[in-house]
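Below are two complexes that have chain A in common, paired first with chain B and then with chain C.
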Partner chain A sequence: MGFNKYVEVGKISLSNSLVYLMDFLAKSLFIGLIIFIFINLWKVVYGDSTSLIDGFTINMMVWYLVMTESIVTSQGKLLEEIGEEIRSGNIAQSLNKPYNFIVFKYASGFGNTFLRFIMTFTIGAIITLIFVGGINVQLVHLPLILLTVLFALTINFLMMALLGIFAFWLEDARALHFIYQKFVFVLGGMLLPLELFPQWLGDFSRVLPFSYVAYHPAKLWVMFNWSDFVNVIMNQLFWIVIFIITIALVYRICIEKISINGG
Partner chain B sequence: MVDVIKVNNLTKEFKAKQKEAGLRGSLKSVFKPQYKSLKAVNEVSFNLKKGEMVGFIGPNGAGKSTAIKMMTGILFPTEGKISVLNYNPQKERKKLAFKIGSVFGQKPQLWYHLPAIDTFNLFSKIYELDEKTYQKRLNRLVELFDVKSFINQPVRKLSLGQRMRCELIASLLHQPKVLFLDEPTIGLDIVVKKKMRELIRKLNKEEGITVILTSHDMEDVESLCKRLIIINHGKIVYDGPTKKIRAEHLTRKRIVVVLEEKVDNLGIKNVKQLYRGAYKHAIEVDTAKYPVREVIKKILSKHKVNDITILDPPIEEIIEQIFKKEV
Partner chain C sequence: MGIKNNLILLKEYMKIALASAMEYRFNFVLQSITMMLNDAIWILFWWIFFSRFNVVNGWQLKELLMLYAVVTFSYGFSGFLFGNHHNIANIIAEGKLDFYLGLPKSELFHLLISRSSAFSFGDAIFGLVLGIISFSIWQWPLFLLLITIAAVISISFAVIVGSLAFYWGNAEETARTLNFGMLSFAIYPLPIFKGFVRVLILTIIPAGFIGGIPVELLKNFSWQWLGLSILVAIIFFTVAIYVFRKGLKKYESGNLINVRV
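Moving on, here comes the complex of A and B:
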């Protein structure tokens, strides 16, 4: 029964956001456009389509980007939402209900996030198939890759939620959101695989949690291998546990200190 | 009767950042922030009995909302003790949440794009109601609030009055023992206001819900609450029967007369002129100094009177007087 409410809010929030379906679609199309631009960019860089860059063929490179873009952009504006709820004082409404605020947020956002991921990925895939071509992926690996994607979305959520809680102190979380995004874009390997980085920066980025949002699952998608998979899953779980503990601690501290805005 | 809510010496101190006006002040506050502590709620104590309806009144920033937020466990008091339904709201917020309901007039909880029934269903899961109890409860509330015709329409298409009724249902599904109503009638027209009051009164009577109401509309409070708590600057300045406030602080009466002939001045001393028309005059009399009887006698002896009305000043003004005395 205790778990049921979170499932239910996931469902209701998904049906609520179907109102914004066109908005979703527009965003996904825009990301499709970015992918198209990158395709042309990579075509120039690769020149001849048989060459390899750090082990990536052009097809791998583009499919890698489709995956990272789909994951990273699917989260929506969680951070701004939490910040806004705190700023407007609407959080009072959530705090006097019998549920855990963060879990509730996760559940209510997950349906949308996943829907957005599917849409963006589909559009990106269509564009890539037309202009570049397919990629070798074994069907049996797909559920495993999907699992790492789900974990990646979860880590992304947790990091954003943690920053969102800081809005209790900062009043405005938008700056944090901006900075966080850039970290994921670059250090998380959303724009470029970490192999293309200077050795030290690549190694450094590989162990940071950002790369478990974008780089690692996308790398598995284009070059699956079992030992990498186990490694990625273990590390993702590690970060998930770490962030859950941190959020629980920070949340407890701040809930005692908060002052709620507005009457 | 049992005390449902016990509040003892409740104090909440906020640290507010002080900032001088203008850009220079802003810069200064970045590098050298200065804090001033404010007691939003200051040693407040009161008890509420089961089934009581009490009105919380006070100007903006008096500490009403802060007090309520502490009672629901959202805010932590700096000092003092609270017990709501024998729970400590701060330590057992989630458990308490199953037993209380709240409506904030300015903070809707219904999902905007979905029909109200969807929110109700969600709430039934949030409050872990079993299906049978929930359906029974829902049917009763739907009938009582007369919302059947529009609970399947998206909330954004409803009028404010319809929406508020649905808001109220949402917070009553789990049969709360205590209901917090913060400005529930804000923005509603008179007819709908009356209807809302009727519903709240009915619920209180039939289910024995304890109701804590804050409102700027004194009529809400007067028509619903037998007991009134007035808060100003974080302190309770009045706690007693709503009726008594008139008796105790009502030392003024208003007299409105309509005369047969044009008169510039009523010619009565020691009264305050409120309105001076050609035929119509209104005065305010301090009854402690000057009995109403005497004033009327004088008016009648001096003028030909067509119509005379004696009124109490509106309760807002009485309360304003109490606030002024405080300062």
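Moving on, here comes the complex of A and C:
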């Protein structure tokens, strides 16, 4: 067994994605456009003042968005892919191979996901530097922030994989993907930091797993704080474990049903 | 002759769309509800935003609801009746246009109506409900007129960017980015865009005319802006037909054998 095979799949997928660089670029540019629209929105909201809104300067607000958008949109259409493979029965080809289908998906997708994250972040950063300006981040904090980002990408993957398996029963992965995305956009704090929410909704969203994909890592990125960091990491690990267990259970039920269907 | 014939064709396609919706009832309802839920979550976002900031350059939640009524209704309506307008680049690149060329109907019209999306049906219903909430009965004729103008502009825009495939081959991603780019500009408050961007979205990327301008017109009617909207619709409509016909002359069919199911 060993872990090497997963690393190899990751490498292959990374080189594949370089071929589709232009396709990647178009998608990242689109996210750049959304960031640009929000820069316009925030400039109107902040006016000329250098004031703070719930602790955020305009620069922090925009850099926060660059981070959340880069994390959330880097996963691509994983949910629809898994849903389609299960629904069409193509998954049967993976079942007799000596690897776990979901771990395979994670490894083969991670090269893509990380590359897309870097690309979107770079484009977002360029646009933000041009229209708004920079942000103060201490170099020593960067590896720690990156760690929460990697966990965020993993939680996003796990939630999408879980919903992808549910598509086996619902038979419409696209619909699930749509709604999942919107939950992360709003309740996950991708578009607005949870501080701006009405108190009760902010408190509610803070404990949901969606906020560990977008809000928490991005908040650390613009306002690093040690106790927050420890808290976020612990909670991210908690959700990762919860989702792995859930996926293992649901996946087993799903596979059994597939064998009944004859594959 | 021409128009009447096309309308009969549209009616027949609508019958097929409804029959298929009834056949796959569960999925049709699921997709429609998904879209409504999707739109509702965007409204939730704006509700959160405006409960914190109240007014953005004269726009409040009220204007935002009007904007969503206009955009979702016109997009839903065009996606349900002319559901293929976002697939033109793909249809051209894969040589699937052949099917329409051999038939004695307008290729472009036939191409546009031969697909109907259940997601769009959800959009249309959402827009309808939001329209009923947002507008008085006296505003409805203007609302419907503006929806029609917006639909003409967005479909024409989609035809133009889709026709890029006649020249570039694979233009799918470009067309998609431009279509969604325009939609993205359309669903934010118009007054936040100033200077160059404002000029851009009121000219070559006519996002203002499919969202913000209709809202301003429903708030404060002005003949100039209505006239301008109609003019923009006519220009885009004409350019779309011209670009598509011109491109069609360059079209080389593929040898891909397609089965239309």
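Note that in this section the second predicted complex is superposed on the first by the 256 of 263 C-alpha atoms of A that agree within 3 Å, B and C clash if a C-alpha of one lies under 4 Å from a C-alpha of the other, contacts with A are read in each partner's own complex, and residues count from 1 in each chain.
We adopt the following convention: contacts are C-beta pairs under 8 Å (C-beta built on N, C-alpha and C of every residue); 3 or more make two chains touch, one makes a residue touch a chain.
All figures in this text were calculated on a predicted structure; none of them were measured in a lab.
In the superposition on chain A, A:4 makes contact with chain B only, not with chain C.
In the superposed pair of complexes, A:12 makes contact with chain B only, with no contact to chain C. Residue contacts after overlaying the shared chain place A:95 against chain B, while chain C stays out of touching range. Contacts of A:26 after superposition on the shared chain: chain C is touched, whereas chain B is not. Look at A:40: by the touch rule set out above, it reaches chain C but stays clear of chain B. No residue of chain A lies at the contact with chain B in one complex and also at the contact with chain C in the other.
Note for the complex: chain A touches chain C at residues 22-23, 26-27, 29-30, 33-34, 37, 40-41, 43-45, 170-172, 174-175, 178-179, 182-183, 185-186, 191-192, 196-198, 201.
On the side of chain C, the complex with chain A involves touching residues 27, 30-31, 34-35, 37-38, 41-42, 44-45, 48-49, 51-53, 56-57, 173-174, 176-177, 180-181, 184-185, 188-189, 191-194, 197.
Per the touch definition, chain A reaches chain B in the complex via residues 1-2, 4-5, 8-9, 12, 15-16, 19, 89-90, 92-93, 95-99, 255-260, 262-263. Chain contact summary for the complex, chain B toward chain A: residues 14, 60, 65, 69, 72-76, 90, 93-95, 97-98, 100, 102, 104, 106-107, 109, 111-114, 118-119, 121-122, 125-128, 182.
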